[in-house]
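Letters A, B, C and D mark the chains in the order given here, with residues in each chain numbered from 1 onward.
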Amino acid sequence: MNKNRLEAFSDGVIAIIITIMVLEIKTPHDTSWMALREQLPVFFSYLLSFVFIGIYWGNHHHLISALSHVNAAIIWSNMNLLFWLSLIPFATGWMGENRFAQNTVILYAVLLLVCGLSFTILQICVERVTKNNPKLVLALSRVMQKSVFSVVCYSISIVLAYYNTLFSAIIFCIVAIRWLIPDKNIEKAITK
Amino acid sequence: MNKNRLEAFSDGVIAIIITIMVLEIKTPHDTSWMALREQLPVFFSYLLSFVFIGIYWGNHHHLISALSHVNAAIIWSNMNLLFWLSLIPFATGWMGENRFAQNTVILYAVLLLVCGLSFTILQICVERVTKNNPKLVLALSRVMQKSVFSVVCYSISIVLAYYNTLFSAIIFCIVAIRWLIPDKNIEKAITK
Amino acid sequence: MNKNRLEAFSDGVIAIIITIMVLEIKTPHDTSWMALREQLPVFFSYLLSFVFIGIYWGNHHHLISALSHVNAAIIWSNMNLLFWLSLIPFATGWMGENRFAQNTVILYAVLLLVCGLSFTILQICVERVTKNNPKLVLALSRVMQKSVFSVVCYSISIVLAYYNTLFSAIIFCIVAIRWLIPDKNIEKAITK
Amino acid sequence: MNKNRLEAFSDGVIAIIITIMVLEIKTPHDTSWMALREQLPVFFSYLLSFVFIGIYWGNHHHLISALSHVNAAIIWSNMNLLFWLSLIPFATGWMGENRFAQNTVILYAVLLLVCGLSFTILQICVERVTKNNPKLVLALSRVMQKSVFSVVCYSISIVLAYYNTLFSAIIFCIVAIRWLIPDKNIEKAITK
């Protein structure tokens, strides 16, 4: 099994997921700025999901590039990740349309949690296959640290949503920023 | 004719089919958990189809990687398979929206049957072109066995749907699990 | 300018065009077979367009594989072809929903005509760049013959649609079959 | 980080953006030519956006092909560009459905402006990484000139939309034509 095709297929699915979300932003029938402003929560939920899926794409790329060969466990843990990612447009739409209502934020946080766990499962499967390179081991352990941090944050955001969904949204942003800061260790390990 | 482009095009179409199905899961206008729970049958039908299309993608990959060159018969039997696969989102949506009603399950089973037969036709076209490698012949014969098993199961599930659609759903799951269990013979034949 | 990316982009656009058409087949809210049968014209218009876009994909592949390098004329005549192809889902949906009503068939035939002309323009641009190989010149001249045949047929089908749209549909099928019959000259020229 | 995957992912997203716009052209339920003619503004807005996204695709290709390696700044400025491009179908739909009403044209112009600035940011990130080749420096400076010209034009078109949206539309066309004229310097720099 060739890893290029796994990469190409995953890229295709992620590219479609990230783009079809925009279909959730319905064009207002009215041409007033007010009508447009009512779409703002939908826009922000789209922006948030776009950033998260972009982060997943980047990390997925790093993970697969570290891979020497593909086995059945990797194919199916990858499929599992893609399945949960593919539900993000649904959760994003529900959250945006209902202006970050409590239940919708909880569902979104649960979905991010499941995606985070699915990514960790994929990473464990990849690590089993590639254990030789010490720099890579370091880089992957850093990604794992961030994943654990994210999973903890998502769990907290689920609890906080019962008090105020704004806190949950702030935690989502913190997680996103944590991933967006480039990690020198990973870049070094990958490039060399 | 270059097999890379056939692979890339098929990957693209399969990636789109697997992802646009999620557009069938309409966001409930209500934010109650009850409203979400009403989407559960749609979610399960999506999950089922995601797994089936994932299986087709994996097998399609194995089949094409076994291929040495592409002829007109392969292009058109591949197009035939993609056509029937592209109808899965429609059948999935109809089945999910109507909570696995009898007619919708029958249509779904018939479509899976036609997809199974289309895959077998593609496999026969591929086998005609590549006959030299004994390990590959063994691997392809194992895939064929599974295909025959699936086609028989789909036929049974069509009949059973007239009694209880739950039986049909169970048979769909049995077929999926049968394919998900990795086959050492195929992996060996492909990797070596 | 690298022809691989032109190919990859065109493949992506064609794969999306061929797949989003299936979104036009709305799931009936009713579970009766009658409700499904009412979608039959939509199904047939989808099948017809799937075959036509499949043919364009195959020919596009042959054309680009004959290409040595890419210039601005090729990029924009390719974009022109993709633009008209991208309108096929719209024309297909209009024709299918209205059960092959006169005006919808005329629009569909006009669109096929414009697509045919756009392909011919692309071919002329490709031929200007690659003139050396005699077998290729022969193969391209055969494709050109078929294109001229198609354009004439589409023009006739537009006129016939004023009498009976069934005649137009028959002509569409004749054109499709004419292209589906594999041409030994082209295959030889490409493979050698 | 490998630039091929960046290219493949961007191509995928751009191909999807350019194609899903066609879903905005709703099929009229009526089969009269009048009903079709009412879709003309939608068609023209689609045509305009198709040309603009096509131009972005071409320039994006040139930019990435000039790149020797990928860093975090390039990944995220590329993601930023893709985000704004992904909103074009929304702005196009709003403008087309409301027959180029004032507010919709202003939003469209603002979006084009933001896309232009995002492209410029990406170009600056790319230039930081690749500074050696003098021909390439010349080519990139020409692209930058055109980008500045475009950004100025978009700003003017926003102001003009308050008087007459027709003037804005004319300016959009001028910008498009300016980019469509092939630039010998860029082609030379890239091919050699």
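Please note the rule applied: contacts are C-beta pairs under 8 Å (C-beta built on N, C-alpha and C of every residue); 3 or more make two chains touch, one makes a residue touch a chain.
What you see is a predicted model, and the numbers here were worked out from it, not measured in a lab.
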How many links in the shortest chain of touching chains run from chain A to chain C?
2
Cα-superposition angle relating the copies chain D and chain C, to nearest 5°
90
Chain B-chain C contact: same residues or different, taking over half shared as same?
different
Which whole number of Å gives the spacing of the CA centres of chain A and chain D?
27
Could you put a whole-Å number on the gap between the CA centroids of chain B and chain D?
37
Chain C residues counted as touching two or more neighbouring chains
8, 12, 16, 20, 23
Considering only which chains touch which, how would you classify the arrangement: line, ring, star, complete or other?
ring
Pairwise touch list, complete, is A-B, A-D, B-C, C-D
Flag every residue of chain A that touches chain D in the complex, lowest number first.
7-8, 11-12, 14-16, 18-20, 22-23, 25, 27-29, 31-33, 36, 47, 50, 54, 57-58, 61-62, 65, 180, 182, 187, 190-191
In their shared complex, at which residues does chain A touch chain B?
1-2, 5, 8-9, 12-13, 16-17, 20, 23-24, 69, 71-72, 75-76, 79, 82-83, 86-87, 89-90, 93-94, 97-98, 101-104, 107
